[in-house]
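Chain naming follows the written order as A, B, C and D, and within any one chain the residues start at number 1.
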Amino acid sequence: MELKNKKWTEEEFFKVRQEVLNQWPTGKDVDLEEAAEYLRKVPEHKSFPAKLKKAKEEGITLAQPRAGVALIEDHINLLRYLQDVGEADLLPSTIDSYTRQNRYNECEIGLEESRKAGRSMLNGFPAVNHGVEGCRRVFEAVDLPLQARHGTPDARLLSEIIHAAGWTSNEGGAISYNIPYAKSVSLEKSILDWQYCDRLVGLYEEMGISLNREPFGPLTGTLVPPSISNAVAIIEGLLAAEQGVRNITLGYGQCGNLIQDVAAMKALEEQAEEYFKTFGYDVYLTTVFHQWMGGFPQDEAKAFGVISWGSATAALAGATKVIVKTPHEAVGIPTKEANAQGIKATKQTLNLLRGQRLPMSKELEEEIKLIKMETKCILDKVFEVGKGDLAVGVVKAFEMGILDIPFAPSKYNAGKVLPARDNNGAVRILEFGNIPFTKEIKDFHRSLLEERARYEKREVGFQMVVDDIYAVGKGFLVGRPNM
Amino acid sequence: MELKNKKWTEEEFFKVRQEVLNQWPTGKDVDLEEAAEYLRKVPEHKSFPAKLKKAKEEGITLAQPRAGVALIEDHINLLRYLQDVGEADLLPSTIDSYTRQNRYNECEIGLEESRKAGRSMLNGFPAVNHGVEGCRRVFEAVDLPLQARHGTPDARLLSEIIHAAGWTSNEGGAISYNIPYAKSVSLEKSILDWQYCDRLVGLYEEMGISLNREPFGPLTGTLVPPSISNAVAIIEGLLAAEQGVRNITLGYGQCGNLIQDVAAMKALEEQAEEYFKTFGYDVYLTTVFHQWMGGFPQDEAKAFGVISWGSATAALAGATKVIVKTPHEAVGIPTKEANAQGIKATKQTLNLLRGQRLPMSKELEEEIKLIKMETKCILDKVFEVGKGDLAVGVVKAFEMGILDIPFAPSKYNAGKVLPARDNNGAVRILEFGNIPFTKEIKDFHRSLLEERARYEKREVGFQMVVDDIYAVGKGFLVGRPNM
Amino acid sequence: MGKTVVLGVIGADCHAVGNKILERAFTDAGFNVVNIGVMCSQEEFINAAIETNADAILVSSLYGHGEIDCRGLREKCDEAGLKNILLYAGGNLVVGKQEWSEVEKRFKEMGFNRVYPPGTSPEVGIKDLKHDLGIED
Amino acid sequence: MGKTVVLGVIGADCHAVGNKILERAFTDAGFNVVNIGVMCSQEEFINAAIETNADAILVSSLYGHGEIDCRGLREKCDEAGLKNILLYAGGNLVVGKQEWSEVEKRFKEMGFNRVYPPGTSPEVGIKDLKHDLGIED
């Protein structure tokens, strides 16, 4: 199929679909009509779009954990615990890494070993192996909306199964679930595959069923400058909308400087709305803020500090939801207790801050302007090199380093951009690679980093980047010498 | 002695001193000259004034726990743990409640029972019973500045002992350590007694030794409107300065609304500086922010949320130090581990926020203006009824309900003021008693509470107050119906 | 209903907020509340109970010295002729986070009829008191 | 010094940040680092070690499947003729927060010479490797 940013015809979709449903035996149990029937009966309090809408209207920030284990019963216990004890507002099912690579055979091994070992040997819930029936059992056992969270470049079969099981939201996108998560999957392929996932949601929409889609905002979670992640988020929003998706949550991962973080969220929401409007898409937009996604401190009390500060920022930014970390983050997949603790610290902070926002100030206004300008520089160029086609543009832009995500493992990523914090902890760019910023913007970044260098009495350079990567884990935001 | 706001003569001081040192056998070991010698040798890193100054200049917020147990060895272990494991920047010795009431006999019982029980039966460190020698053992065993934190209306002997032992700061004041902490101690008496404590510090200053004094900002810790606590803080600052105190830390207890809290801290610092200047006092002023002082949630993860949000506010307000709560707050005096956890969550948050401030905005500016106006209304009236004498004015003002502290146990407090939160969680006043606000200000408070009432579809009234008192403990800031 | 309770905070304890709320809650529940406030000695509790012919004494202790402060109260009540008067205690009764069942045991052994852990809501005490005094809801 | 190490992240694991930092740290410490990057099979590690005549293989695993992914690596090395090649493993090797001593034991039994808990700094590995290879500092 030729890559372009164009809604797939039904013919195109159903041709590919045959193949998709044959990738693993559980695929044959997906029946679109029957699934639609099932989805129509999902009550409002278990629907992602409905709950997000309510939160947005009330100005409340919802809390959602990450969580997933190998076996169905254990997974149900885990989710129920997070719902009842943890006070979660929205539930996830984090999918294991073999599923993410479509290595369903290895999932079977993991499932078996988990049964034997009496503990999960997989780092998530292998939804494809469990099939529609298994996934419905999970859905029916909980009282909150359920979403698949993963990191899967080719999530077509997974998406078919989870939506048919009543899960009303799917995280991911052609860029955000490829470049940070894969080494050698081409963008041509991941864009086509995510067009499929989006088109599936679009089909449900056409049948009158509202499903939510959420591009993965934080990318590598490691010092990603806001304009880069916002550009990707807007692109994935537009690609989804073209396939008929109408309920979209765009996300951003906390960088740590309050003004920059709030500015990034505001810029993201406003600019995305503008682009949707320009292209004539009718999308209900909500936002998600991710608590710090980089390396965490090992100490649990310190981890609570990081978690709570993320929650506070989410509230002050007016995010529709916040993705919650846990006090075990630095060490391993959390126990259900640790996971619940993360949610409770988060909810307490959100509730203390309910209704409070960071008021507009000169500093905030300027940061919003800067992020929007930078994002526009990138997007303009993507459209330009795609000769007006966004999908083509994305492939070209990555080839040319116009889109470039720091620390990403993909060989399709240029990897030339190097970020570093300025003296206030805001993430700026040290090496621009081919990011198409104006000279003025580049000079501004440079001057901020030089301000830091003077303060720290050292040169601007790679050591700053290394220090910044370690900093939060060591208890600081900015990686100063002798931390 | 006649009560007036006038520096005591040496004659006056030393006459009273004889009596003070005879209140308990350990008093006789205090020798001013020898103590001065000892204090002169306190190294800079163990001096409160020096460490506060450095923090203020660097724009850093220091973290200080509360902690105290009955026996010296245990107390030393506790403080060392908070220093080494907890990463505290400043150390306290929280004094037990019998000492606070000068019931040293009961302390002896508590000490004995503690030895027998193998755990502290006192809620703090009985410094007077341990005497100069015991207190010096503590001081010499730690590497950080040490402060007495208590709640003692008559702290004269205590102050003599702790300063002579090298503790370079003393918390308290004539109002703040009486009205919230006592039932039937007159203000005449507590003002005179705290003039003594301040004069003692003044004498040391005259001998070239810098000691820090810190009025207790949060008062009852329960919905105290900022202008009331700021008025008290400024009064106690002025009373101290008159006796020759030159290093003062003024404090404020978190109310929970970010803008109001930052505004309160800014108003406090600026307005206090103005008053010191007007009266010609040469004072080095620093500030302290208290993490939420009211009822805490029992759940430890939720407590971490409260602790971290307090830390974030302290940092954004640019406080010189923050007083730290613990995850055990709702239940009982914390173990040393829980105490260290509180400090670590705090430090992590402070370090993430190092250098970040809430930028000036219209909302912040207006809140600062409001708090200053209200504070001035109160202070003007206090001076007026005291016919220009602040000490006399304070006594009269309490009699007349011009100064009135919500929920205070003292019979010298009118207890007519009732606070409640507005719809954004800022603490406003529901019943003004005789607080001398202008009609304009009163109407403004009223309108804010009515806005809340409309939102909650109920009447403005006492039930809001009750709900607000419980709210944080239940996980919210504003006490909404059906919380 | 006409039942009288003496309410107060024992020892050198100044925590006034819970006391004010308890007064209101027990009054709203129909009790005649004699609130002697904070910082009360055992004698003040007993005198107030005698003077008002009270049916129960509700002791709060928040600050940690509750164990020392409450010791002997039952015996003094007995001596003063307040035989079998209901004695309740609540608040943060001991120093630190301790195993609740043991704290309860210690206070029951001291002669308290009911003992409440930190953060108990007034409603719980009201329900128990009505039960113990044979009052129908 | 001229010692060669093969560095990579095993299995379906995409965590790239630590890998980039390890490459830099071991290079700065004087090693000849052959970084095969993330998402590498056991075969890729072994082939790289044979091709470059490596002295050690440094395996990272962050995502939790380390235990499954590492199983049999020592045996495959033996079969491929990489007898006694040093095998190190580090990262977040297992699923969840587990007793470290047991995790270490399991990996040692699999034939790893050294095993590192979460958050180990590169310096520790460098020091050990120099020791194991008999390099003077």
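One rule holds for everything that comes next: a residue touches a chain if its C-beta (ideal position, glycine included) is under 8 Å from a C-beta of that chain, and two chains touch if they have at least 3 such contacts.
As the structure is a prediction and not an experimental result, all values here were calculated from the model.
With each centre defined as the average position of its C-alpha atoms, the distance from subunit A to subunit C rounds to 54 Å.
Computed centre separation for the pair subunit C/subunit D is 65 angstrom, with centres defined by C-alpha atoms.
Averaged Cα coordinates give subunit A a centre that lies 44 Å from the centre of subunit B. With centres set at the average Cα position, the gap from subunit A to subunit D is 30 Å. Subunit B has no residue in contact with two or more other chains. Within subunit D, no positions touching two or more other chains are listed. The touch graph of these protein chains is an open line.
Of all possible chain pairs, the ones that touch are A-B, A-D, B-C. Of all residues in subunit D, those touching subunit A in their complex are 11-17, 20-21, 24, 37-39, 63-65, 67-68, 92, 94-98, 118-119.
Across the complex, subunit B meets subunit C through its residues 97-98, 100-101, 103, 106, 109-110, 113, 119-123, 151, 180-183, 220, 222, 294-295, 298, 328, 330-335, 338, 407-409, 466, 469, 473.
The part of subunit B that touches subunit A in the complex is made up of residues 256-259, 297, 299-309, 311-312, 316, 340-342, 344-349, 351-356, 358-364, 423-425, 472, 475-478.
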